[in-house]
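We call the chains A, B, C, D, E, F, G and H, going by the order they appear; numbering starts again at 1 in every chain.
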Amino acid sequence: MFQVNFLEQYCKGCGLCVHFCPKNIIVLAQYTNDQGYNPATINDMTKCTGCALCARMCPHVVIEIVEGGAA
Amino acid sequence: MFQVNFLEQYCKGCGLCVHFCPKNIIVLAQYTNDQGYNPATINDMTKCTGCALCARMCPHVVIEIVEGGAA
Amino acid sequence: MAKKGYMRPPTLLQKPWHFCPGCNHGIAHRLVAEVIDEMGLQNQTVGVGSVGCGVFSYEYFNFDGIGPSHGRSPAVATGVKRVLPDRLVFTYQGDGDLAAIGTTEMVHCAVRGENITIIFINNTLYGMTGGQMAPTTLMGQVTTTSPRGRGREQGLPFRVCEMLATAEGAAYVARVALFNPAQVNRAKKAIRRAFETQMAGLGFSMVEMLSACPTNWGLSPLEALKYVEEKMVPTYPLGEFKVPEGVK
Amino acid sequence: MAKKGYMRPPTLLQKPWHFCPGCNHGIAHRLVAEVIDEMGLQNQTVGVGSVGCGVFSYEYFNFDGIGPSHGRSPAVATGVKRVLPDRLVFTYQGDGDLAAIGTTEMVHCAVRGENITIIFINNTLYGMTGGQMAPTTLMGQVTTTSPRGRGREQGLPFRVCEMLATAEGAAYVARVALFNPAQVNRAKKAIRRAFETQMAGLGFSMVEMLSACPTNWGLSPLEALKYVEEKMVPTYPLGEFKVPEGVK
Amino acid sequence: MKKEFLIAGFGGQGVLSMGLFLAYAGIDEGKKVSYVPSYGAEMRGGTANCLVTISDREISSPLVSDPGVVVVMNQPSLHKFEPVVRPGGVLLINASLAHREAQRQDITSYSIPAQEIANQVGLPRGANMVMLGALLEATEAVDTTATYKYLVKTFRGKHLDKMPLNMAAMEAGAEFIRGCQATSSKTSIA
Amino acid sequence: MKKEFLIAGFGGQGVLSMGLFLAYAGIDEGKKVSYVPSYGAEMRGGTANCLVTISDREISSPLVSDPGVVVVMNQPSLHKFEPVVRPGGVLLINASLAHREAQRQDITSYSIPAQEIANQVGLPRGANMVMLGALLEATEAVDTTATYKYLVKTFRGKHLDKMPLNMAAMEAGAEFIRGCQATSSKTSIA
Amino acid sequence: MSEQILMKGNEAVAEAAIAAGCRYFFGYPITPQSEILEQLARRLPEVGGAYVQAESEVSAINMVFGAAAAGARVMTASSSPGISLMQEGISYIASAELPAVIVNIMRGAPGLGGIHPSQADYFQSVKGGGHGDYKLIVLAPSSVQELIDHTILAFEMAEAYRTPVVIFGDAMMGQMMEPVVIPDIEPLPPNRPWATTGMEGRGPNIVHTLYLPADKLENHCNRLFAKYSEIEHNEKRSVGYLTEDAEILVVAYGIMSRVARAAVEMARDDGIKVGMFRPVTLWPFPDNALQAAARNARVVIAAEISMGQMIEDVRLALGNRVPVVLFNRIGLVPNPDEIYAAIKSKAREVNANG
Amino acid sequence: MSEQILMKGNEAVAEAAIAAGCRYFFGYPITPQSEILEQLARRLPEVGGAYVQAESEVSAINMVFGAAAAGARVMTASSSPGISLMQEGISYIASAELPAVIVNIMRGAPGLGGIHPSQADYFQSVKGGGHGDYKLIVLAPSSVQELIDHTILAFEMAEAYRTPVVIFGDAMMGQMMEPVVIPDIEPLPPNRPWATTGMEGRGPNIVHTLYLPADKLENHCNRLFAKYSEIEHNEKRSVGYLTEDAEILVVAYGIMSRVARAAVEMARDDGIKVGMFRPVTLWPFPDNALQAAARNARVVIAAEISMGQMIEDVRLALGNRVPVVLFNRIGLVPNPDEIYAAIKSKAREVNANG
């Protein structure tokens, strides 16, 4: 089990994590953060494989992934 | 027959013409020109083949070679 | 990337960045930080920034940093390295900074075989100043100063790696891209090899990264990555142009 | 040289020159003048000089001439050529001028494919200022600023032709020498091809001439030619690095 | 007569073009006009704003610290610019993105759900036009007709079909203000 | 006491080192000294010259337009510098390369076949030492011993064997002057 | 076109250059002047000219050297750090007596500074940032319309005197829009018999700056300075505003003069006898006009967006007849209130000292 | 070594730098300063330092930036055109508050000019050749021994104030030889806790010059100028010679001051009441001392090898109390006779005006 944490206030909603997640579990939220962007978020954390492709592609170091985590 | 003319006052006595003349007919004079150099000169003009190798190598455009000439 | 999970590299300060959404500068920053951390060099590093969208690098990295004038980073790095030969000294430069105004400094670091590393972010234009044509702009590419698309009159794309590889003093020269996770991994390896080249004292090293500028390309972040893959790579082929013996 | 005999080319004014005895600058000047006369371009030429021992070129040539600042001749030539695209515009530069301070201007003329010609006199050092080390100085060569012989710390010889040939915009690039009459003839041919490349609008052209500086090498004029042949050529191989279709 | 308008928001919200509409309308009315956009590096991802001055006399300085009319298109701009409104001036708030009321009592303020209105009109990217219409109604800055003229200029050619919707958005903004004014007294600013 | 010496000739004739000998001798005698060489681009192939000042007092300006002593090592230098010799001063001409006598009447001049003398001494490259010896004899510029001391310094190490010939050249130059002076009256310059 | 259009200062410079017959531009991007490049990249090809983006400011100024030598009407533009890089080239252009127009849209400094409005390059252009003795004509417009008028004037002056002319703007003037009219002039093509265009029908033309014999160099400098004297005689320009009875005189140029004028108006409303003097040419500095304007002044306030540079020329013009004090801000164009406050406090002093 | 040795000015600068503990030099050849490079290329490796020949002056000054940031005592040297190329870099170094010594052995100008002695870069270094508000300490030695002493002083000042220091020489001073003594000092190694040396045991050190928020830039400039005030307070240096009763005062610096002094001596022999004032620091300019020296002056002669640059600072110091006239030559160091003649003619005027 992996816990994917988003430093939400840094996210610029670029959608790269959304695109590169092989499990298709990341989406951009409906609301906007303080910067005015729709931040990325995960609906179903259980599907996450911890592959970190999302983090690899994130240009704003928004994503950290820890094993075990809150799940 | 060729006439090799030296613009003597421009000669800096570098000796390149002396070295590259296949007929070995160019020598540096004993006297110095106004610039203080021993200018190149030819003793036996009859041996000159007009090959112009001397002029090709002269860095000061001292040498002109004309066919016929004074000989 | 054997171990799973992912943590922010400690040499990256936790701050919001000014980069636009989807800008590849952020990925490049992160990779540099990761390699420095993995090599344990945080305390031995002097980072030399530049003027361009990467201008705040010294505010984001958690190690000593210098902000030089536009294009002169390789000269500044030379000054640093001669004084501190055992430090990791690298520059972080855009294509305008490195390949236009800073050409002399770049070329002579390579020619001298100066023992520094250049991290080179090629996004085909001057990002920070609003998207003007750079020497690296692709043929036909529209920018604010090539409004009809770059034509022959405006020159031809400058292939920096190919040029610098001709310098005997250049030890490691590679071009990588950041348009998908595999490329990002490769890019990271190249940075590591470049830094290893330097720490082994083997001479000049450079990693060019083909990098997306969604804002000035007028593309979405995703389209911009595709543009890198489909438009940039044909002009700027990827690969290692020079690898020193000790690092293979 | 089919016809025998030899006359001063009319585009060379008849004046004493400041060059030292045996200096190859004189030969280079003469060759440029000969080609321009043979091509009938005296009235269509704008010569762009430089700062170095060739600084007085505009006083020796009998055509329009410009004396720019040190190293910037390719930029000046670009300015001229853009205004007068049908003129023959060439620069005459030493290795310090071209390959050190003027690197950016040179590289970008090649990268842009600017339709000008560079005549490049490589004598491995700064002649005019008294023989300091240049980027082109040979390994081990003693100069006033490499008093122990150039070592690795002082960098490695800069092979300009090889580097510029990587630029797509560079159409004709050749390295010749002046150490004997056969080489001088070859050098002249290269100048002719470079000028033809330009007049045909094919892009950037350059002829590098390995050139003796007896004064600063501390050699006799003859020894200096030998030095070019035996010491310079191995580091700077002669040949045509790029020849455009139209000129072959 | 001299009026200054500060319009602020995110880049991309059409803040700068609102300013241009105003300025051109001013020129059309024979007024002196100046326009100062924010620009450069700090624009990116951050706020954009512009300051428009419309005056009967030569404009000495294009900059003022206390503009009479301020339009804020988002929350950060509200924070930043509410304090600078000239006492007695007008503050127009895009309530769709700025989620609080004005705090000052010495100015007239309007909270306008510009996005919602724009959506209703059928021009979802027209929140700025809604705000512009509101501004014209709330301040009598320039004649609305003058603005429409510039609108025509802007959209002439292939975008002319967008004219009606844009005018509708402006009108909806104006209508919103009229609704508000029915309940409060309108402040005219000098 | 302040004396200025101008020494001029082709580059390579040892002109600059003659000046150095003088200057060091001056230092050795506790005098103030300055030395200004010509330099740079126009040196090449052209003339070289240096101006040495030796003085009891602080030297205000290292440049003078009318040096008391002038040595010309070749014809062009004779042309150029004969006119500048201070009236009453001394002009020493290397007659081997300057093929005319001095024309001025208000100075003392010596024509010295320096090359021939050097050849005789067996130091063909020592024309400058011949002229130096002549200069010292003709002007009492500095003590000859002081000059010898510097000579020792210069040649110490592997060139010491060259000392005697150099001293002989100087002595031959001095001797030539003494010969001349036997027929004219010597002018001491201040 | 005589219609009023709203234009950014930078775009206005570009359009004015085209109106003045400039067909060649060489430059390198830098905020806050890049719109000059962008506009000319679009426009020059349309009018048969060439926009060349140089690889650096050093290259740009040397391309200008070449194009001017080849007889073209030519311009470059940059902002403070870029202008610093041009200093060697500018010295060469001045020495070679080439006509050229150089636009400096000044920004925050020193170093990288920022992109703020600034007037801190006064010393550089007015006193001499390059090596050696030379002068540049420096024009200081204060509105977008004046940016246009001065750009046209700059080309005329450059050509009349064969000398480089600098136009000063700042980040705000470059960016702000005002309604302008671009005059419909028909400039003659450049007439330069000395230009290096290929020597058809004449002897060789040479453009250079090397004067090895000392007397040649001295002659050259004296000749240059004779020309500069002529320029000083002919071209000093300034604008006074309510100076007649002014006991307090504010001296300011460029954007700052507009702020100063607004402050003067505010203070006049309070009955303070204050006027404004605005140098339009910074070199030649309008010293006589300033002396006249300061006739009744008891204090002079030099107002600058710098740590005090123009103030030296104000002091040189006025000697120690009247105290000259500095009002300055950095990084921004101040509000008229601030200068107004400075005027008021000086007015109190003046009254206190009777 | 305390023995007197004969040394060229250029070599003396090099040796003095080594004595001052400078171990890094970055430079590019140019006549008439190349002997500084050549001497340091020989000597620095002997003392464990590094001589790096830069590929241009632009690179050289930026290498200096890097080495100074990395904590080293560092120098560069050039001559007029080369110094022009350094202007951007100098503005950065001043803004970043890096200690560095920059030697300018001035030569004929503008443009390529020549290799003559010159003092025509006064405006460039004293007023500001780079962009923005900054000041450089400028020292003007007048003998080879002073070149040594001032080089050592320059390193001390650079370090004390964290600011670049310029040393002015000219072609003659660089080339002429005088007997000198190199002082045997033992400078401490540089102590720079702010240097970017790798952050072992502390947080990151940053050296930069970007201040985007306007208030940050304004603070930065105010802070810089507070430091400059301190320097103005502490470091003004000058030498007077027979100024007490001088009715004519010659003001000259560097090599020109020696010529002026000789002329003053000649005129004193004629009974003319003339003195000399020599600024040693050109910035900060010793205005107070000049005012004192000119107390009794009825005319002041500014003597320069330029078309008149220092004369502006003389005028600024003296206001319009006394006429200030220019004596100048270009391309050469004049003979004392020439200044003597100028003094004599002024003496006649002064007497005529009684």
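Keep this in mind: a residue touches a chain if its C-beta (ideal position, glycine included) is under 8 Å from a C-beta of that chain, and two chains touch if they have at least 3 such contacts.
The structure presented is a predicted model; accordingly, all values stated were derived computationally and were not measured.
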item	value
Minimal step count in the chain contact network, subunit C to subunit F	2
Of C-G and B-D, pair with higher C-beta contact tally	B-D
Remotest chain, subunit A as reference, centres from CA atoms	F
Averaged-CA centre spacing for the pair subunit H and subunit G, given as whole angstrom	29
Centre distance in Å when subunit B and subunit F are each reduced to the mean of their C-alpha atoms	37
Between subunit E and subunit D, distance of the C-alpha-averaged centres to the nearest whole Å	64
Separation of subunit A from subunit G, taking each centre as the mean of its C-alpha atoms, in whole Å	53
Touching two or more other chains - residues of subunit H	31, 50, 55-56, 58, 81, 88, 92, 111-112, 115, 208-210, 212
Interface hub residues of subunit F, defined as touching at least two other chains	41, 45
Subunit C: positions in contact with at least two other chains	19-21, 55, 67, 69, 100-101, 103-104, 107-108, 128, 135, 154
Residue ranges of subunit D in contact with subunit C within the complex	100-104, 107-108, 111-114, 135, 152, 154-159, 162-163, 166-169
Touch list for subunit H against partner subunit G, complex	58, 80-81, 83-85, 87-88, 91-92, 94-96, 106, 108-116, 118, 120-121, 123-124, 127-134, 208-218, 221-222, 224-225, 306-307, 309, 312, 315-316, 319-321, 329-332
Parts of subunit G lying in touch with subunit D, wherever the complex brings them together	24, 26, 50, 52, 54-56, 58-60, 62-72, 74, 88-89, 92, 196-201, 204-210
Subunit G - residues contacting subunit E, complex	4, 6, 31-32, 115, 171-172, 175-179, 258-259, 261-262, 265, 333, 335-337
Subunit D-touching residues of subunit H, taken from the complex the two chains share	28-31, 34, 37-38, 41-42, 45, 50-51, 53, 55-57, 81, 111-112
